[in-house]
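There are structures below to look over.
In what follows, chain A forms one complex with chain B and a second complex with chain C.
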Partner chain A sequence: MHKIEEVLQPQPLRKTEYSLDRICELVEPRSRDELILALGKLVQSGRMKRIIRVISHATQGGVADFNSLEEVPRVIDDGRTGLSMEVTPNDLRLIYVVPPTNDNR
Partner chain B sequence: MTVMTVLRHNNLTCRTIYPDGKNSSRVRSHAGQPARDGDGEKIRAGIPAAIIGPVDLLALILNCVINFSLKRLVAFNHNSKMKNQDELELPGEGVPEGVVAKAKRILKLMENATSLSVVGEFLKSKQVHHSAGSWQDLEEKRILPALRSGKISLEELNQLLGESEEFGRCHIFLFAASKADVARYLDPKQIAKTSERLGIEDALKEVIIEELPDEPKITQIREENANGQSGWVFKIVEKREQKTFMEEVTEGDTYTKKYKVEHVRALNIVKLHESGLLELRIQSRANSNQYDSDLTRVWTLLRDFLPTAKFSELYLRKAKARLLDDRETLKEKIRFSDSTLKDKNGNTIVASTGTETEDLFEGSGVGSSLDQFQKNGGYCDSSNIWFREREGAIAREVHVLLSGRSNEFAINASCSRIEYEYVLNELRAINK
Partner chain C sequence: MTTDDLKAEFNKIVASSLSLPPAKRLDYVLGELDKLPAEYREFLLQLVSTTVALADDRTSMKTTRNQIIISAICLIVGTFLAFYFKTPTGIQYLFIRGFFVLGVVGIAVAILVGTVNLKWSATKSLAVTATGGFALFILIYYLNPPQPPDLKSNPSQGNVQTNTP
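Coming up: the complex of A and B.
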């Protein structure tokens, strides 16, 4: 847990975000399952947020963020291209967001 | 296209030629008898037999013999286009029907895993006739006769299948465990005991030929020694559902996309090395880049041999970073066709070449852009890299996708054992 907190330290003024695999690479946990549990505790404590992001086919940039899989629509407007896109599991990313130090959310 | 097959029978050479879709046959004796067409007429540089002139008695007798052979060949060719090897050269030796049936099943699997030329090369190495225009011809006129004559064995066919289907077309997940733990898991007695307890001891003795099992099945457990290192391989076959796009249909105000749902055979390979390395090779999926459930299924199936909790992921972070940082020193070995960089603020840079055959960093400003992004906290998230052809190592380029999980890479095309092992060893060396 100590290593996770060290790696995921909040930055001033700007939120930071990491995929689960990026956290794995930085923390190098013995077990991925244990890491997910530890991250879950940080989410529950409000020190970070877990979101599901739909990414644009065209730009790889985020189209919209959701709090759970159930909220993700089958079709979404991709504002980056001006087109509607069918959302498949390949378009989803699990992201952990660490709020900035001056953000009380 | 012209298809030509040459078969030998005693001193006769039979050529079956299909120019422009028509069949014709020529037979020539090694003693210099004239070539003849399918009806037994002489052919010499396109001149009809009638104007060749008289022949002597000996030639007539020889011609009668040739004509008789020819009619048999023509009658056969009428149905099959190509002479059976066993009728021509390799007489049957009474191989049990069970062995023949197994060979047929192996060939059916090979059809999906490799090409005719690969099997042809194998036959050539066994010094038996190897040309075949179709898988059916290969089976009926090459493989089965050679098997019956004892020139090839079922075990060799199994090995060829293994070499054909076990490398490439997969996503590879790397794990590691302590050498002490691995030494226990590699103990042959322990493996035999566990196999017996699970009722899968047959997998230790031979490859179990499974096409579409209802449940994932361990079809082979074998020891494999290479470079002085011992290892064990577990071969798992499973049935997968695959969707293939068929058509778009508009009926009234309804627009429908139709997909054909097929069941396909998937092969997963798990190899535990004496060094502590564990490779989980999951056959690539056509419709998804999510392999979590596949990994869980394989771990569950092998839990009695390899306890999941004892293995940790072998992260490829260093390799991903070094590939970019040291690209100048590695450029003789590796080129990039694209690379995606991210930073912790959620920004992404995707750099791609115009075509897959080009090098991302050759004479472009892409490298300096990516370097600048990295200096400001960017890191490599994924890359498409190509291991270049190298004399004494690999004879062609091998495409590797570095993306997905942090311990994952993929080789989505078929490749040989040599190519696969080269890529694995190089990546591990770069990851140090």
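Coming up: the complex of A and C.
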């Protein structure tokens, strides 16, 4: 847990986003499940947030972010291509967000 | 599997795990996720672990308990040896101090939350950077104990109690 907190230090004035794969590269955990559980504790303690990002079929870029799975619609407008896309589980990514150090929320 | 199916699975796992005591949730969640297609397992585990307290503190509690026990033994051994050897030799002094510091650091690391970062220059050519328990070990080993007063050569000073009325 200490290593995760060291690696995911808040940056001044800007939030930092990490995917699970990126955190795995930085932390080099013994197991991904243990890392996921530790990240879950950090999210629940309020030290970081998690969002669900819908990824574009066409560009693989982020289309929209949601705070919960319930908010994810079946169909979403892909602003990058101007087309509507049906959201499947394969289009969802969970992103961990570390707020900036001056974040007083 | 559609997104609606994923939502349904997620809601079912969250609702069921919340009805369980915290110590049993993780096993239940992992068991349920293993029934799902492998490509969704990790995503759902992330979602569930950030939604429900899957307190898997059993392993860490056991490790902490063992650490405290071993550290306490080191501390007791160090304290015993310190009083047993009135005038320890160099090697005895090294072991006594090592046991004592190991005991103190082990208990401190087990109980206290946070990390210690230490950048210490032993000599001009030797610098040590340490973190966590190792940093505490170096700190306590080299900064503690302070030089004791020379009680033998100057018996009139120090903790001499007199029973004068």
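The rule is short, and it goes like this: the second predicted complex is superposed on the first by the 105 of 105 C-alpha atoms of A that agree within 3 Å, B and C clash if a C-alpha of one lies under 4 Å from a C-alpha of the other, contacts with A are read in each partner's own complex, and residues count from 1 in each chain.
Just so we're on the same page, a contact is a pair of C-beta atoms (placed from the backbone, for glycine too) under 8 Å apart; a residue touches a chain by one contact, two chains touch by 3 or more.
Source: prediction; values computed, not measured.
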Mind working out whether A:E6 is in touch with chain B, chain C, both or neither, as first, second, both or neither?
second
If we overlay the two complexes on their shared chain A, which of chain B and chain C does A:D77 touch? Say first, second, both or neither.
neither
Look at A:P89 in the shared chain and tell me whether it touches chain B only, chain C only, both, or neither; answer first, second, both or neither.
both
Touch test for A:R50: chain B only (first), chain C only (second), both, or neither?
second
Quick check for you: in the superposed arrangement, does A:R30 touch first (chain B), second (chain C), both or neither?
first
Would you sort A:G40 into first (chain B), second (chain C), both or neither based on which partner it touches?
second
Looking at chain A, which of its residues have contacts with both chain B and chain C?
32, 89-90
Which stretch or stretches of chain A touch chain B in the complex?
11, 14-19, 21-22, 24-26, 28-32, 59-62, 89-90, 95
In the complex of these two chains, what residues of chain C are touching chain A?
1-7, 10, 26, 30, 39-40, 42-43, 45-50, 53-54, 56, 115, 132
Chain A contacts chain C in the complex at 2, 6, 20, 32-33, 36-37, 39-41, 43-44, 50, 52, 69-70, 72, 74, 87-90, 92-94
Using the touch definition up top, name the residues of chain B that touch chain A in the complex.
288-290, 309, 312-313, 315, 317, 340, 342, 344-346, 348, 350, 379, 381, 404-406
